[in-house]
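One chain, subunit A, links the two complexes that follow: it is found with subunit B in the first and with subunit C in the second.
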Partner chain A sequence: MAKWKLSKSQLRDAGQGYLFMSPTIFTIVVFLIGPIIFALYLAFNNVNLLGDTSFDFVGFDNFTRMATDDRAIIALQNTAFYVVIVVPTQTILALVLAATLNAGMKGEKWFRVIYFLPTLTSSAVLVMIFMWMYRPDGLINTILGSVGLPTYNWMNDPSVALISIMIMNIWATAPMFMVIYLAALQDISESLYEAAELDGASAVQKFWYVTVPLLRPVTGFVVIIGVIGTFQLFDQSYMFSGGSGGPNNSTLTVVLLIYQYAFSNNQMGYAAALAVSLALIILVATLIQRKLQKDEQVY
Partner chain B sequence: MNKKQPNILKAFLYILLISYALITLLPFAWALSASFKPLNEILSAGLNIFPESFTFQNYVTIFTEQELFPRWLMNSLIVAVIGTALNIVFNSMAGYALARVVFPGRTAWFIIVLAVLMIPAQVTMIPNFLILKELGWLNSYQGLIVPGMINATFIFMMRQFFVNFPKEVEEAAAIDGLSRIGTFFRIVMPMAKPALGAMAIFVFMGFWNNFMAPLIIMTDDSMYTLPVGLNAFQSDYATYWNYIMAASMVFTLPVLLLYIFFNKYFLKGLSFRGDK
Partner chain C sequence: MKKTTLRKSMGITAFLLSGVVLTACGGNNGNSNGESTAESNNGSSGDQEEVTVRLTGWQSSPTEQRYFEETIDAFEEANPHINVEVDTIADQYMDVLRTRLIGGEAADVFFLDAFEAPGLIEAGVVEPLDDYVTDEFNIDDFEDPLIDAFRREDQLWGLPKDTSTLALFYNKEHFEEAGIESPPETWEEMEETAEELTTGDRYGFGIVTDLARLHFIAESQGGEVAVDNQANFTDPDVINALQPIIDMRNEKEIGASPADVGAEWGGDMFGTERASMIIEGNWMIEFMEDAFPEVDYGVVEIPKIEEERSTMAYTVSYSMNAASEKKEEAWQLIEFLTGEEGMETWTSSGLALPSRQSVAESLDYTDDEIYAPFMEGASYATVWADDTNLPIINSNFENQFSSAFLGDQSLEEAMEEAERTANNEIQD
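Coming up: the complex of A and B.
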């Protein structure tokens, strides 16, 4: 049988394959691939949604505009600051918690159940609870004041508002990464620790010279998922600031800025250009990490 | 190694674990307790975790006097339940086809599914809004459900699952005269329950907790889902922390129940995400 001529059973398989794939193909084409092409088109146009939707081709104007847009620069600075603080902190916290839980502690299961609560909870609920605790006379200031520590205007002081969001999100996401570390820790052979003990290694030395190096691929995964997630910070900034990114642009993130331009200021073309740029930043970060991880698997 | 650890170290580790457990629990315990307190007791800023005047009134009020709250709860349930059901069927069908059916273009579609995993939602959110607007699907359930009725992560997961699925089962079904579609729905799907369970929980949580998509697609307040409704309620009635906390607890309960009953699926789903 010639290769290009399909037999009856091959034809049937092809039909069944596409039948099974049809909902997926429909959704990917209409709501993913189509929109990506559409987004690229929008990024090179000025879009007016009022009245009849109109598009004006403007070349690279939307991209060059970013360099002179003060709010875009502030949003990028805020987001970068947020990524640089949150990713290492939550990764280290997750690793320490996982290693501690894995050290044959009693009640491991219960600790795990408790630690996992924030992962289950909606960002909206977490924000409500923290906004309430962050009030000037709320729980956090009451506790800080009662032990003689300084209190803050957590949500309305531009110098601490973003830090308030960082604290909340580190608290909320570290446990999810802890569970990922925990699964990896349980695969590390006990004999490696026994060998280290024979060489006279202390508990801290075992952690530093056995556990940490062996977990490097997992750390790579945790870091890249963390970077992707933190670059996309939106829900918490939006809810904390009522959509404004305030006080004084201190909680303005890149995604919140995209949202404002697209849905409040009727500048969808510029918003699309910002979104495409953000996607490129995230893509480059992902590829760099993948490359580093591949290089490491060599030894 | 455990037996040889000095006791001081062990005590220190327990203190670390217990402190962090308290830090995790306190905000939830505090919110739960506030949901049973009258407003004046909440605002008096006492640190008592047990309400002095215990009341169910906050829960009664949000269900009877805030007519939008039950509506938001219903919207969230409709979107999350239908969305999850479609995902279970469609992701498994795609995963099965990619793993087991030989059809032209299979490798290309598998690569496309993997590539789709890497696209951040922000890129598609603006064009999707315009597409849904053209379709007249803004402020509709299908506007939230249809674009999310498949999930590339779980198509990938189901493919991995079906690659390792025993071939003999399908061969036996074929000998018994079942068609491929019949085999899939009657034999293969029921045997895939653990994988389907893990997928169902994470997809449900995704729909239930999603804030950005309903914020953009639902502009009419009767069509809000719970996250958007809760945020809108907080902006309008910023001082009614008793109602906000009661609503937050109602909101969290369904996922908490899923977690308690399907704990093992949770870990399976998470560890899969870790293996990727």
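Coming up: the complex of A and C.
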């Protein structure tokens, strides 16, 4: 750095540049970098905000505590299970929906609008509607019962509750990714399909050997966004369980646990440590995913 | 210093976010009454300067709201220079209140449940009231167990605004159909009755699985749920006392929880006649009148367990924010609301029972067929309050007890797990 010698005009140029950027820099520092640094600071402290504010530095205590915290482990298991089921399902569903909508059916535009509607609805409203449909005497059980299928106590049976949330979320988020796939599908050159046809490929083969490989970069994006979104599951499980994560911790997710520690138990330091750990987990998951994708790249 | 401001701004941001979530969930908030009353009093301030006191609480029904406003109006009439601004927190009251206290935005006077009180008192955000209380206020008039729930370290941190107790509701029609003459007197009798009442489409007994409801049952054999501010669920006396509740559902199949039948809560279950008997509080009376007026029911004291009468009492205080800038006026408000006149206006609704003996006498609930069992209960009830960690102990109990209740694990296993996780979470 010391090797550089800036002339006066260069300095003035740089100053001007930073001056123009200052509103953005200010916003980023106050609302993004500041909170991140503060959260890191909190994670290494025992924090009391109520009454006499106190910050006691405790080193890695907040992090080692997680290993013995059963609820943190349950929350992580629930969240991981949720990610593993929801991300592939919603990605495949989105791809299939997009492909069918791109096939040139009649009334395609209407279907696009209808499919996209769940994404436009506020998640709180969605949860309310689903909770109503999930009641033991609600719509879903009535339909299942009328065709002779088994019915479930969707919200109060610990073995089913998280699956209920999964179904709801897949239904609500798949259309958003469908739109992304749709946009990507329009980019695939018609000539590739023509060439495949000349080679005698069937519709399924065209989908499998032309569409899917060419969509791979988009799939990567969809999966990464999906992983990040599902790891942060909060609002649905919060509303489903009234904030408790019950029944029997079955809908307890990592973010819900963070909320409970931060706002109900007044242990902001431990909550911040959990949040930092979650961020690391998401980062690692994303990196692994990107690595895998790079290895597979064929074009 | 920098730390504090940053902390505050984060607190406020977080609070705003939680506000978004809450409004989205609840969809109703009744904070419209503050402004209108404030305006109506503007002219009559006299020589004293006008002061606005903020009051935070919750309201669970329009009827409750109406009586509450009436009581506040009476106060404003008696104290023309004080405006009361009421704002209602619709959901997750404690989370919101705590966040506001952290952000320095809390009201001057707020509702405080005895169950949550020790935590806030310990944090030093509640104003002790001893110095404000005058002889005229007649503090000895309060029921001892209720006011003691707000005493800590020899100081008084809140005045109980009212109380509620539990009693046994039974469906008279179902009793007639089954040919049962009188409601059960003992727990054993109740189980027998429940068995006779259980039919294909309804259960004899509705079970609410909260620790707040089961606490007195859990301690009926001499065990204690919390010892030294730590969970103590594995005490054999506690487990033995709770086992019959589980057996009623899983062994005898004569009881079920509201969730089992798809009801929102006990009142819903009883009102829709999916349970013939249920232990609920006096808040049910108004609910039944509004929602299920055609159901003919009776109320008796909770059947004796081990030859002893027992029930739960719940109480909420008016407490003062230690950071309030209008303590004098805030006290005047508390003094009125918990004084004989204010309490009589408020509790004449029947939604909650008075915490003052004199008011209980003057309202004459003891002769009312429906209210008498609740008033009787007040004399021997256990108040739902313990120490700072009760909320944590409570939530861990609920989580595990419900799984034992559903038959996923034995009660011993569930209680061991609950005790371990609770005491793990308590830490400091």
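Definition applied: the second predicted complex is superposed on the first by the 264 of 299 C-alpha atoms of A that agree within 3 Å, B and C clash if a C-alpha of one lies under 4 Å from a C-alpha of the other, contacts with A are read in each partner's own complex, and residues count from 1 in each chain.
Assume a residue touches a chain if its C-beta (ideal position, glycine included) is under 8 Å from a C-beta of that chain, and two chains touch if they have at least 3 such contacts.
Everything quoted here is computed from the prediction, not taken from an experiment.
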In the superposed model, does subunit B or subunit C contact more residues of subunit A?
-> B
Could you say whether A:101 touches subunit B, subunit C, both of them, or neither, answering first, second, both or neither?
-> first
Of the two partner chains, subunit B (first) and subunit C (second), which one does A:25 touch, if any: first, second, both, or neither?
-> first
Look at A:52 in the shared chain and tell me whether it touches subunit B only, subunit C only, both, or neither; answer first, second, both or neither.
-> second
Contacts of A:35 with subunit B and subunit C, given as first, second, both or neither = both
Looking at the overlay, does A:239 come into contact with subunit B only (first), subunit C only (second), both, or neither?
-> both
Could you tell me if A:203 is touching subunit B, subunit C, both of them or neither one (first, second, both, neither)?
-> first
Report for A:263: first if it touches subunit B alone, second if subunit C alone, otherwise both or neither.
-> both
Can A:122 be said to touch subunit B (first), subunit C (second), both, or neither?
-> both
Indicate the residue numbers of subunit A shared between its subunit B interface and its subunit C interface, in ascending order.
-> 34-35, 38, 53, 122, 124-125, 137-138, 235, 238-239, 262-263
Would you mind writing out the residues of subunit A in touch with subunit C in their complex?
-> 34-35, 38, 46, 48-53, 55, 65, 68-71, 122, 124-125, 135-138, 153, 155-158, 235, 238-239, 243-249, 262-267
Which of the residues in subunit B come into contact with subunit A in the complex?
-> 1-2, 4-5, 9-10, 13-14, 16-17, 20-21, 23-25, 27-28, 30-31, 34, 45, 47, 86, 89-91, 93-94, 96-98, 101-104, 106, 109, 112-113, 116, 118-131, 146-147, 149-150, 155, 180-181, 184, 205, 208-209, 211-212, 215-216, 226-228, 230-231, 234-235, 241, 244-245, 248, 251-252, 255-256, 259, 263, 266-267, 270-271, 273-274, 276
Subunit C residues touching subunit A in their complex are 3-4, 6-7, 10-11, 14, 18, 21, 24-25, 92, 94-95, 98-99, 101-102, 119-120, 123-125, 259-262, 391-392, 395, 398-400, 402-403, 406, 408, 417, 420-421, 424-425, 427-428
Subunit A - residues contacting subunit B, complex = 10, 13-14, 16-21, 23-25, 27-28, 30-36, 38-39, 42, 53, 96-97, 100-101, 103-105, 111, 113-118, 120-133, 137-139, 142-143, 171, 175-176, 179-180, 183-184, 190, 193-194, 197, 203, 206, 218, 221, 228, 231-232, 234-235, 238-239, 242, 255, 258-259, 262-263, 268, 271-272, 275-276, 278-279, 282-283, 286
